[in-house]
Amino acid sequence: MEELIQLKEIKKYFPWKKYKYVKAVDGVSLSINKRDIFGLVGESGSGKTTLGRMMIHLIDSTSGSIFYKGKDITKIKKLEKNLRRNMQIVFQDPYSSLHPRKKIKDIIGSGLRTHNLVRSEGELVTKIEQFLNLVGMGEEHLYRYPHELSGGQRQRIAIARALILNPEFVVLDEPTSSLDVSVQAEILNLLKKLREEFDLTYVFITHDLYLARIITEKIAIMYLGKIMEYGDTESIFKNPLHPYTEALFSVIPKLDPQKRTKKIILKGEIPSPFDPPLGCRFHTRCMKKIGEICEKVSPPLKEVEEKHFVSCHLYD
Amino acid sequence: YAAEKVMVIGMNTSPIVSLDPAKAYEFEGSWILDNVYDKLVRFKPGSASEIEPGIAESWEFSGNNITFTIRDGAKFSNGDPVDAEAVAYSLKRVVKLAQAPSWVITQFGVTEDSIKAIGNKVQIIMDKAYSPSLVLSCMTYSVTGTVNPKVAEEHNVEGDMGMAYLTENSVGSGPYKLVSWERNQKLLFEVNENYWGTKPEIDKIIIIDVPESSSQLLQLKGGTIDVAWNLEHDQIPDVEKTKGVYTLSKPQFKLIYFGMNGQTPPTDNVLVRRAVKSAIDVEAVIKAVGGGVTELHTFIPKGMFAYYDGEEVPYNPEKAKELLAEAGYPNGFEITLTVPDFLSTEGTVVKSYLEQVGIKTNLEVIAYTTLLGKYREQGLELVMARWGADYADPDANAKPFAHCRTTSDEATIKQLAWRNAYANPEFTDMVEKAAFIQDRDEREKVYLELQKKWQSDGIFKILYQMTIQLGLNDRVGNFILNELTQTPWELITLKD
Amino acid sequence: MLKYVIKRLILFVIVIFGVVTITFFISHVIPADPVGAILGENAPQELVEKMERQLGLDLPLGQQYTRYLKGLINWNFGISLRTQKQVSEDLRVYFPATMELAFLALFIAIILGISIGVISAVKRNQWQDNASRVFSLVGISMPAFWLGLLFILILYYHLGLIPAGGRLSPHISPPPMVSGLYLLDSLIAGQFRTFWDALYHLLGPALVLGWIQTAYICRVTRSSMLEVLNEEYIRTARVKGLRERVVIFKHAFRNASIPILTMIGISFGYMLEGSVLTETVFGYPGLGRYAVNSFLSLDLNAVIGSVTLIAICYALSNLIVDLLYAALDPRIKY
Amino acid sequence: MVSNLAKENLQNWIVSWGKRHSSEISDFKETVYLIKKSPLTMVGLAVILILIIMAIFAPYIAPYDPVAMHLDNRLAPPSKAHLLGTDELGRDILSRIIYGAGVALKIVLIVLAIDLPLGILLGLAAGYFGGWIDEIIMRIADIFMAFPRLILAMAIGTALGPSLRNTMIAIALTMWPVYARLARGETLSIKERTFIEAERALGTSNFRILVFNILPICVSTLIVRATLDMGNIIRIAAGMSFLGLGAQPPTPDWGLMVSTGRNFLINQWWVPTFPGFAILLAVFGFNLLGDGIRDISDPYLRRGRQ
Amino acid sequence: MAEEILLEIKDLRVNFYTYRGVVKALNGVNLKIYEGEFFGLVGETGCGKSVTASAVLNLVQNPGKIEEGEILFKQKNLLKMSEKEIREKIRGKEITMIMQYPIAALNPVINNGDQIAEALIANKNMNESEARKRTIELLKEVNIPQPEKIARQFPHQLSGGMAQRVMIAMMLSTEPSLLIADEPTTALDVSIQAQVLSLLKDLISKHRATVLLITHDLSVVAETCSRVGVMYAGDMVEIGTVDQIINNPQHPYTKGLIKAIPSDRSKELVEIRGSVPDLVNPPSGCRFHPRCDYTKPICKKEKPQVLQVEKEHVTACFLYEESRNKKSKEEYAGEYKGGANGRTDSA
């Protein structure tokens, strides 16, 4: 399988007051193959969005490199148009990601205009209509404002906006987390359909493990800017190795009583990203902490099973 | 414990800068100072021509000398005697400090050395033999008020001869003394127990600051004040209707004039000037301000010596149009008329009359200060302003209105004619000559001739002579005013 | 916190410096003749020029400016042409008068504005709301000078409820100067009659100014109360079974108070502005009138002095408000 | 037939226009509904409409020439011939008030025509570029804000000389910081919003983001604010005229009318009172309307469609 | 479980009068909650869950109005009580509520301790120092470390989980008979959500309170509640025990909801087509009919009656009515089983 994007020890520190940083992403390495749906899972503040934004070069990374088709894009100040077009993003909240005073036509059409992909207004409208249909909406929405649409419809617009540029790589940042379950299914099905149609590569960011399970092929589980576990989705689900993953699995509410296992309730809160714990990031809440080593040494990401990496001293 | 008699006057006191006689130069300030400091001579109550003794008992002219004999036994309010030394000191002080009103004395060529105290006499030596009536008129001006040399020297700061102190304090020999002055609030005067003349009836006079005339009227009617100092003409009927108050009005030696620039076209053309003058209906102007003022066509106010009551260029719009055509402006022209804020009504009327004969007029109403700034730089096209005689002699107005030998910076007198850039050597000669003519009739003749010529060729048109309009409470009596806005406070009566 | 205060103070100085500079240059480009105006229309030219030299008005503008700044550091604005006194000395007299007026007016405005605003918000869209909005908007809409004239006509002349103007009755002399505030000074001196008289004279102008400010404060109170009343924590308070009065004053009002406080700060500035017109109409000897008269007679030193002082007050009130925020809202950190 | 074809074209065009703008139409309807629901806003709107009508049709409505003097009919009390009486030059006060509406509106419009673009330009620049540009613009704004408005307007008015034009310049100079600040704040907050980031992801240039994405929001916020300020502008202009720093006679300016009429307050009360009322009403109307528009434009109050 | 009815809502109708017209938010809602139970209320956004909760406390916000219906709490109709009575007897004493966004629901300018103490003072006649002491105990009870310190802090200094605990402490402090929890954990992270839910469960059993848990997550309900009500667009479409609802849903909407929950890779996610109706112009008859796969002519005309399926299990659907009339229950059971089997496969 062809590798599309590769991250090497990528970091992002946001400056925060003087001499202080938010270590949003703190050394992440992974690679994503073409046509993959790659899941990025983690609780709020774990750095998923930040990582996603770096992957498509919306923000610069503090250090590390990102190879896109073998080319290091972290070295480029301004992406050439072609590359920009190839990497798109769908944001978490469809209520804030659409310009409130622009019509749907202009929202979707903006990219087309920037990249001179259409020659005339007529062509623009035709193209937009085509994509509206593609995401399951009618032409009648062309001249509407976002506030006239429901959340699900807005998310479709956001998807159309990203896809109309014909990208290769799309970051989906929790595309359904602010939607109802019934709508969520709708959007997920749409995304799946579009992938088939356009041969896309997705990074699917979510905090919902179950969602990740049904949609992704590979996942990385993040905690405080670091990857805890990373590998094929099924293998991780069948056999979560990291205590954090294990706990997460156990606490997700399940509809089916048969699937319920004993809940592992983690103690305490997620530490602040200003000064994350030394050693293993998770040691403050870990129920399987083995000793001082967890507090002192940051465990490396190791391939414990085939294509299943874990960062935990349990497997030293 | 007899009740004190207190009279309250409402007045816009903001123009008053200083109550030092050597410095005060506004009507309000002079009006007050006349009653705080004694002058050598003064006008008889209500008159602006008959001189009576002041702190000087008698006087004598000989050539270019005058000698005043100082009254015996007069005392300052603090008990110090008033002697010739004090009088001479005061006059020298005026010359030395050289403040705004000092020219009233120094125009006669008086220097510090030419003022001498000899025994109980004060001798003043002038550079020429001026007409005595002119000189005596000037001596009635408040600038000659006698200050207490001891006090002035006690408060001498950097050679100011007590000027800073005397700004808000008084040690004079007049009927009243200044007790306190809170600026923009009130001035409080009390009787000077040591006054040599008529014992004043009122114990305290308070002047409170009421800037708006409508407020003055309200407060007069409401009984807060006994005298409303400056009412508008349109308010007079109301006062007359109201029980318990009455009005007092007196034409003043103050006038409102209209001037043109004598150097910039088109008003450098005498025909245009005549046209403009005949286009203005002064009767309309008078009507517009509500009447109550005196019609006047010349720079010598009614009631003053050598007054001419003719009008060489009367209102005649047809004539005005003809003249314009003759001067080459059949369709009129465009020009700016600058007036101070207090003349905006008059300005509006004049503008409308000028436009009736085809002169497009841009009216510019600005603060008086700003106007004066441009005016002094000869920068106005058409102007309206007021002028008040400082002393009751034709010379006081002839000089500013007619004396200008050159419009350049070298001019000796840079007064109204100069400011309007109009030099007329003939007028100038006549003004200079008249000042020295000792014979009254002959002098009058020169002035009459000057006025006629001035009316037909000059750059000015007089709009009217101002009248002061007071409102008084019935309990106030014997409030006397002359044309120079002088009131002997000691004569005012007050009923309980 | 300290750092914030220092930063604000530096800003404050920059602003004042800018104000002084702008005022200086604006007032010195006016094509006018202040000296001539002071000396009167009859004054001879030589005298005018002599005085201009004395005052340094003939120097190049730059030189005048530096001279000016030097004086300013010692709070020395030079001599007022109009009063012939040190401008700073004049300000010492007029400033307390205006402060007295402004504080009384502010007091009226705060009491009225807040209570009307709260009622209006609580009774949104009911008649109480409409009535109080009309009342407050009439206040905002009324030109101060006109309102002043009407007050004098009706309240003084027809009803005799307020004096016609001034700061004290003619026959009462001011208390010995301590602070310059008659209300305070008369109490210090134990002259209660003077106190009442001064208060009585403040009534008219304070009501005029107060009404206008009431409007601003009421408007802000209403809208921020409306906003706060829709907040989740207000529901929480109600769910807790607290009494409505407690909900509104303890829970809603404190949260609404920050914009209100800002408005009060700004109001204070507007007040100085309103005092220009009000003091003129009421003949009240305050800073506003001093400023107007200085403008009209182009008494440059006095103009700059009064404008600088007003701007300082204005900036100071904003500074104080900013610092007060911290006390009211624990979320604000410096 | 040609005309038939044209008619059809027109019809088509109207239909398609209606379709393209259905959102605007429904927004407009919604706005109308909201205005109708608020009686005070209706009153404000009515006052402003009357004002506008007076301004435009003054020559047809006004019974007399506003500057024609009739010195024999000075200070006539209100009567059938002169509904609001005459002033000190015998001019009809009603006619002057009607013409005055035009003067007042002109001041408002010109001041805003200067300040809105200026405020937006400076505010956008400060907010978007930040750094020293922001610092400089905002410090200057702070300095201008530190002057109470009327005082600064007075200073500028005095410096430039009194005239209507200079009044407008003076007021404009005192008001721009408000708009610049507002635009800056708006820009700062919009800049960080997701939809701007979304634009960036599309590769849209900074300039286009500024002009097509940030500007429209700033403009609408500023316009709402401007409606609130319209009343203020009239009031300040009137204050300046009152102090003799504004319009020049014989301009039928309301402030000037009160100013020259104030000596007649007691005996000829109609002279200053009616123009004063005109100011009150106009400012009141603008304030009501401004409050109403603010309420309506407040997404918070407008919500219902979540 | 005592089978005593604590709260009964009968035919509750609430309208919001907005510029767009009347939002018919609740369209005759019926509901019974037994003493001591954990009742879950689920439904999509905007279906009226929160409005129902507000109505119980008589806190429906402007421009909303309770048009008709009865809310019987301990046999007394709350809607007949005066505002004062409700405030003094019900709110904060008998019924309290936990809100969705804990940080927004706490007053930012009052410190955490005072907010709790205030409730104690108002409802429990405690004096200040007693209240303060009790506050600390309560904070300990909700597992807050360093309670004294937290009491002195302000809400913005808390994390979401902590804030929700403070909220819980506050709302349980007065030992209410009924605790309404309006999406208490939706805003929290998964691991924190679990903490809070388990805490809530413990405390409630300790305090013997009855709980009305509102959520849009059926899984949460399945794990925590004993009975569930499913709402759709202002209607209560189905009520039953958790087991009945999950294993034997009768209403097409409930079925759809269950199928839409992601659980399994191999299974296609089933969506409910269409979108939530606008409640200004709600669909006629059964409000779900435009999105229903089994729509019949009658669905468009009449509002379906509430029908008893089993003990405790009711639904409002013509489909069920019909099927019951046919008495051919197996058909539906079969359909369900198919689904259930599919799910169990991959576990």
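A few comments on the model shown:
Note that the chains are named A, B, C, D and E in the order they appear, and that numbering of residues resets to 1 at the start of each chain.
Note that contacts are C-beta pairs under 8 Å (C-beta built on N, C-alpha and C of every residue); 3 or more make two chains touch, one makes a residue touch a chain.
Not measured: the values here are computed from a predicted model.
Chains making contact with chain B as well as with chain D: C.
Common neighbours of chain A and chain C (chains touching each): D, E. Interface comparison, B-C against A-D: more C-beta pairs in contact at B-C.
Averaging Cα coordinates per chain places chain B and chain E 91 Å apart. The geometric centre of chain C is 55 Å away from that of chain E, both derived from CA atoms. Between the CA-based centres of chain D and chain E the separation comes to 50 Å, rounded to the whole angstrom.
Within chain C, residues 30-31, 149, 153, 157, 230, 280, 295-296, 298 each touch two or more of the remaining chains.
Looking at chain D, one finds that residues 158, 161, 244, 262, 265-266, 305 touch two or more other chains.
Across the assembly, chain E contributes no residue in contact with two or more other chains.
In this structure, the chains touch in the following pairs: A-D, A-E, B-C, B-D, C-D, C-E, D-E. Those residues of chain B that touch chain D in the complex are listed here as 212-214, 217-218, 232, 234-235, 237-238, 284, 287-288, 290, 341, 344-345, 347-349, 351-352, 363-367, 370. Against chain B, the residues of chain D that register as touching in their complex are 67, 69, 71-72, 74-75, 88-89, 158, 161-163, 244, 248-250, 260, 262-268.
Every residue of chain C that touches chain E in the complex is listed here, in rising order: 124, 230-233, 235-244, 246, 250-251, 254-255, 328-331. Chain E contributes residues 16, 18-20, 23, 46 to its touches with chain D in the complex. By the touch rule above, chain D contacts chain E in their complex via residues 30, 33-34, 37, 302, 304-306.
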